[in-house]
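Chains here go by letter, A, B, C and D, matching the order in which they are written, and residues are numbered from 1 within each.
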Amino acid sequence: MFKPLSIAILAASLFASPIAFSADKTSVKISAPWEINSYDPAVSGFAFHRLQVMETLVDADTKGVLIPGLATEWSATEDGMSWTLTVREGVKFHNGTTMTAEFVAKSLITALAKPGMLKKAPIKSIEAKDGKILIQMEKPFSALPALLTHNTTVISAPASIDAEGNAVAAIGTGPFTVDTFTPPQGLSLKRNDDYWGDKALLESASYLATSRAETRALIAESGDADLVFNLDPSGFAHLKDVDSVTAMADAIPRVVSLKLNASHKFLDDARARQALSMAINRQGIATAITRFPEASATQLFPPVLSEWHDKDLKPLTNDVEAAKKLLADLGWKAGDDGVLTRDGERFKLLLRTFPDRPELPLIATALQDQWGEIGVELEVSVSSYSEIPKGHKDGSLEVALFARNYGLTPDPIGTTLADFGKGGGDWGAMGWDNATVIDALDKISQTSDASVRSENIATVVKAVHDELPLIPVVWYQHTVSVAKDLKGYVVDPLERNYGLSKVSWGK
Amino acid sequence: MTGPNITIAVEDLVVHAGSKKLLGPISFELPAGNALVIMGETGAGKSLLAQAILGTLPDGLSAEGIIHLNGERIDQLSSQQRSAFWGREVAILPQEPWRALDPLMIAQSQVRESHRYVAGLSRKAAKQATATDFQTLDLTGAEKRLPSALSGGMAQRVAFAAATAADAPVLIADEPTKGLDAERSHTVIELLAKVPREGGTLLAITHEASVAKHLGGELLVLKSGDLVERGATKQVLAQPTADYTRELLDAEPQVWPTTPTTEAGEMLLEVKDVAVSRGERTLLQGFDLTLLAGERIAIAGPSGVGKTSLLDVLAGLQIPSAGTVTRSNQVSSTGIQKLYQDPPAAFPARVALGKSLKDVARLHGEDWSKVLAYLSRLGIDESLLKRRPDEVSGGELQRISIARALTAKPAILLADEPTSRLDPITQRETLAMIADIAAEKGIAVVLVTHDAVIADKWADRRVVLSEFPKRQY
Amino acid sequence: MSNQAILATLPVERRFPIWRVLGIVLLLFLAVCAVMGPDLIGVDPFKQSLMHTLQSPSAEHWLGTDHLGRDMLARLLSGAQLSLSLAALSVLTAAIPGTILGIVAAWRGGWTERGLTLFADAVLALPGLLLVLMLAAISPGSWWALYVGLSLTLWVEYFRYTRQRARVVLSEPSVESSRLLGFGPMHVVRRHLIPEIGPGLLTIAAFGAATAVTAVAALGFVSVGIRPPTAEWGVMMTQLLPYWREAPFLIFQPVICLVITVLALHLSVGGRKL
Amino acid sequence: MLQRSVFWSALAGRAVQAVVVAVVVGIISFAMMQALPGDSAYRIAAGRYGYDMMDAASADQVRTELGLDQPVVVQLVSWLGSLAQFDLGKSSVSGSPIAEELKTQMGYSLLLAGAGLLVSLLIAIPVGIMAGLKPGGWFDRFSLAASIFFRAIPAFAIGVVLMLGFAVHTKLLPVAGFKGPEYLVLPALTLGLGLAAVSSRVIRDAVSEAMSAEWRLFSRTKGLSSKLTLSRHVLRNAALPVVAYVGVQLAFLIEGVVIIESVFAWPGIGHALVHAIFGRDVPMVQGTALALGLMYVVLNLIVDLTCHGIDPRRSKTA
């Protein structure tokens, strides 16, 4: 049954290969780990946005400064209870439909109904009025424009959704249109010649989701893809020595940290959490596992989040003896097998993490060894990341290890509010309700006054640093391999946009 | 040495297994139009002679001596080089044609490929030649049959046609009648006898004097690899000089003395109006038999008549499609034992014989010394028991299986052609032993044979089965 | 042509082939490694040294260190324990029911055989991977789930082989003769079936052992399987894959261990046919 | 006449099996998915929205949307009900109809599996025959060692080595993806090598058995050359056990595909199945399992018919 077909294919492949490899300099090929499952922006908005198929109302430059996107301007009323955004004129969707305020409002309302960034803002209603979008708030929220840069708020044409509300196409406004879509791995793009802004320099682009980092490194080296994202440390080290590509790494506001259940009886004292933090050899992890020694975390927020990073904060240190002493002060005594005990209970914790980011299980294994040094027995469960929010909700979580992106929007307040606000957050504090911090976060979210902001941010940063509801381990580096002759590529530290429209081939 | 007419010439041929001599030295010359018959009991090295000439000796055996085939010296040639002669210079008729035919290929194709590729005929001519072969060999109707659907005689004739398609001047036939019933073996002998008459050369290997007699020509008698007598076949058969030759001739069933009749005891088994069928085909109908203790009954009849199935019915292994088989209460559940045609198939293949026998002795609470006594009476050395069934000869194995059956203290012994694969001397000895022991222990024996002479000479009573009218398909 | 008669008269040589000796010695060696484990060299297989990762073999670390600076030799020895017992257990739990059902099917014939065959076919049709993945997911991190899953898919091979061969063996006159002699089914199994099909089963088992370990590797590849920091050959293969470029000798170490195991099994079985 | 009846009886047998497989696979996969620990609403939300976006709120939303709080029996019955109408439902994660997803993914997987099988036979047949012609010879030993090696080395390692050799160093073939026929070569080769490791041994055994048969010797002594004997008799006889083995191998083939699809970014069904299990996409798992099961049944039917084609004895008895 297969034979004739396969023989034909094999034969064809022998002749086809030279042609397929001839230089095609009007196109760029991208490879990244993320699979694209659906047309639904709530699910796949990240990809459509990064690949510039869809756009957001508000855009951000590489420094995180907000700039006009599909909205030309925006403003809030004095009391902060209502926002008005002016929709750009003369923008057409890929199917030729003109983008109107009504369509934009409809798209936002759809996004609001689904899990996504808009949910983080206290939005009461969204409507279109005189070519403008009117958003009513339940309480003031200064970061709304920043939220509107997020990929779950991309604007898509009404034709993207069928009568039953299912997403059936990806019709956006960006410089590229979807040519073919082979979920979950493949997407190929054509230039949108009707684009409202600067048209793309290249005619087409293609995207291949490659879940294995090893494969991506090989793809980068062989030249099968020109832009390859998220390289594994080993592959990255190798690509630095490969002449045909440039391997780049940039600090991004993603942090690998441990979430501790501060209401757990072993962890409810800040000193216990400090002891655990002191037991971590961050330098070793950053050197051996993530391979960016300079990115070992000295505090939660990395320098790239300049507003939230406090240079003067006393860095987190690695001091096993001090850690042991702190725990001894809390009544823990080493048992026969070296594991601490108190009141007949062993200091044993279960850490939940997930394999989607390959370094996490490795870091967990390293932590297991390092905490073992101070007599804490750590069991590691590598499973789905959904176990973490679930464990948070039902209170069964003890320790979780994950990588949190504080740069989902240029202003991290949305994220921090969710993480350290009242009741903590799925990916933030657990069992740690700090009234000062909650109050400070509220103030940050409602004000546009820079000094009020920075004062309250300092409060939050210090409290988090001292009490460690989250123990930072390493900061993230965004790694990209770029073909040597590809010009115009700029790393976006917010991981929002690949900037494909600006790249071109040159010598 | 080699005259123009000499097709095979062998000079001082010796076959060794390591340091042990298995055959030779043997010398002979065989002119065209003649037959050479090599006779001897199993294990005498007859087959080795043919294999040494052909270059098909098994690994570990080596041949020395000078061999000429059709005027060319071939003993220095490798098996690969000699294979060029096969089929073209010398045709080889296989021993068990049934196993020599490709089980997946219909009969005519197996002959046709010889015409096509060995004789080098065109596709059309090969087809024609095959059709002629099937006609002359009386195989019409068998063209499209698979070997499994051929009788032994038909298979032998198909093999004959396939082997001789290229008209090789020499034909070597190794025990061509093995396992065939009288009528069928006669057809094959006729076929072979025609070879020298038509100017070919025949080298036949057999253990049956009757075959030698039919083929004529020259006769070599081998014993344990040594040549004991040679001469014109007629002459040797009529006036043997060596004792061994005489012994061989005496072993022919025709000259056996009639086994003395035994006194029959009480009834052991009663068979009434039994019908036997295989699959949908009815083989036998309305069969009656009463079996008395100590009695020897021979069931004779041509192949395929249902003898084996009948035996299975008697043994209780098969349920008759009609009628009844009643055992007397004298006969215990293991009171019926069976001897098989192919002795190696009757023993667990990978278990040493001694172990198999000990199992039986233990099961039946028989003393091991008693088993050893049976064995020594049957002429089996205890040292053989360390071997596995495929490491002893058929005759020895059949005797061991008799000892095994006796250990179970049977009342009835069913023997399914127990000697058809043995040479005449062994056959005679084995059957005589069975008769002796049966008489002594009052065991009833049912012997199935296709040889009416054996049935006549050996049994108290004989039952001849004739072919049940075949249904038309 | 019949040489049996003549060969039968030759003295029987029961040579025990040197290859089999080698295989058995290797197996014993592996068994010692597995039983003694890392105690053999007295190095902790879990002790990390993040400053000494991916090192080449040296006097201190005979086989180098892994990506977390752990001693490879100690981990391979510790892995031998788990991998070999996993392989042995999954092979046994697959082989025993598979063989028994195969014999039952061949023995009973008729509807029993048809039913069992249909069942085996249905099991094969159920993607084994699905079974293993789900079992592994039901009990995350435990390795008993892995081998139960493996056994559930692997038994069919034994079943098919046994049924097919047993049918041939059971139809031989020797079995009939044993029954006539009064032997029960156990004798037939012990003396007729086991000697006949045993070597073939062992060959399947030898490959099955490899299947078990590489299946663990495959599962590790899709991030299912044994919890850290456990050392297991298959898991090690997966974990060391990312470093194939920097330290290719590392990923090949567990592979070589598995090759040696399978080779030893093959050799000691005597290279019988499948 | 005979041939036709064989065909229909084989077809009927497999049809029964197909129905059994459909129901059994559906129920088992459903039952096992229910037995999985963890809250499926959370898993589905994770599968849909990614870790930056999923939280308890999105899980609750998923739960309501998919009716996961309905009793288990109701869910199963509704699945079986729609199955009877040949409707496989919609994926919980992507929301698209499963039949549609399967169509693309199955096509890619079949292509990969077919090519892998072909490659494995292209390797295994010559190797197996060479080894089987001289059992115990050096080539036999060498190929055994190679078999063991390829059996013991995980597919992903083979894949990486092949990528390095053929795609990175020599740039003959692409590393991964699926844009043209040339993309099929490396994954098929990876798959084929693993399969050939075992099938070459099966072929070797079949050939060596055929070589020691008496009819093989007779074919030679009646004058056919060793080549003709091989091609006209040995191979045909040896093909029987080999074809039967391919039937068993198919089951393992389907699994081998998973790893290879992952390594080579091939949009196949195995890769999808793994994601579906992790994502607790029950309808997708059921649909995939069903499709794989039925594919196995169909391929086995082909194997059956091939066996009947090779062995005329079967037709007579069937």
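General observations
Assume a contact is a pair of C-beta atoms (placed from the backbone, for glycine too) under 8 Å apart; a residue touches a chain by one contact, two chains touch by 3 or more.
Because the structure is predicted, anything quoted here is derived from the model rather than measured.
With centres computed as the average of Cα coordinates, no chain lies farther from chain A than B. Legend note: the chain whose CA centroid lies nearest the centroid of all displayed protein CA atoms is D. Of all chain pairs, the one joined by the greatest number of contacting C-beta pairs is A-D.
Taking the mean of the C-alpha atoms as each chain's centre, chain A and chain B sit 85 Å apart.
Between chain B and chain D, the centres computed from C-alpha atoms are 50 Å apart.
With centres set at the average Cα position, the gap from chain C to chain D is 21 Å. The distance from the centre of chain B to the centre of chain C, each centre being the mean of the chain's C-alpha atoms, comes to 45 Å.
Residue positions 1, 140, 241, 244 of chain C are each in touch with at least two other chains. Contacts with at least two other chains are made by residues 156, 160, 217, 262, 278 of chain D. In chain B, the residues touching two or more other chains are 56, 94. Going by the touch rule set out above, the chain pairs that meet are A-C, A-D, B-C, B-D, C-D. Residues 17, 20, 22, 42-43, 45, 47-48, 50-51, 56, 58, 94-95, 174-175, 315, 317, 333-334, 336-338, 340, 342, 344-351, 355-356, 359-360, 363-364, 386-387, 390-394, 396, 401, 404-405, 408 of chain B are the ones that touch chain C when the two sit in their complex. Listed in rising order, the residues of chain B touching chain D in the complex are 54, 56, 83, 86-88, 91-92, 94, 96, 99-106, 113-114, 117-118, 146, 148-149, 159, 162-163, 165-166.
Across the complex, chain B is touched by residues 213-215, 217-226, 228, 232-233, 236-237, 240, 310-313, 316 of chain D.
Within the complex formed with chain C, the chain A residues making contact are 213-214, 217, 232-235, 237-238, 281, 284-285, 287-289, 355, 358, 361-362, 364-366, 368-370, 379-383. Across the complex, chain D meets chain A through its residues 38-39, 42-43, 45-59, 61, 93-96, 101, 104, 110-111, 113-115, 117-118, 156, 160, 163-164, 167-168, 171-182, 184-185, 188, 262-267, 271-272, 275, 278, 299, 302.
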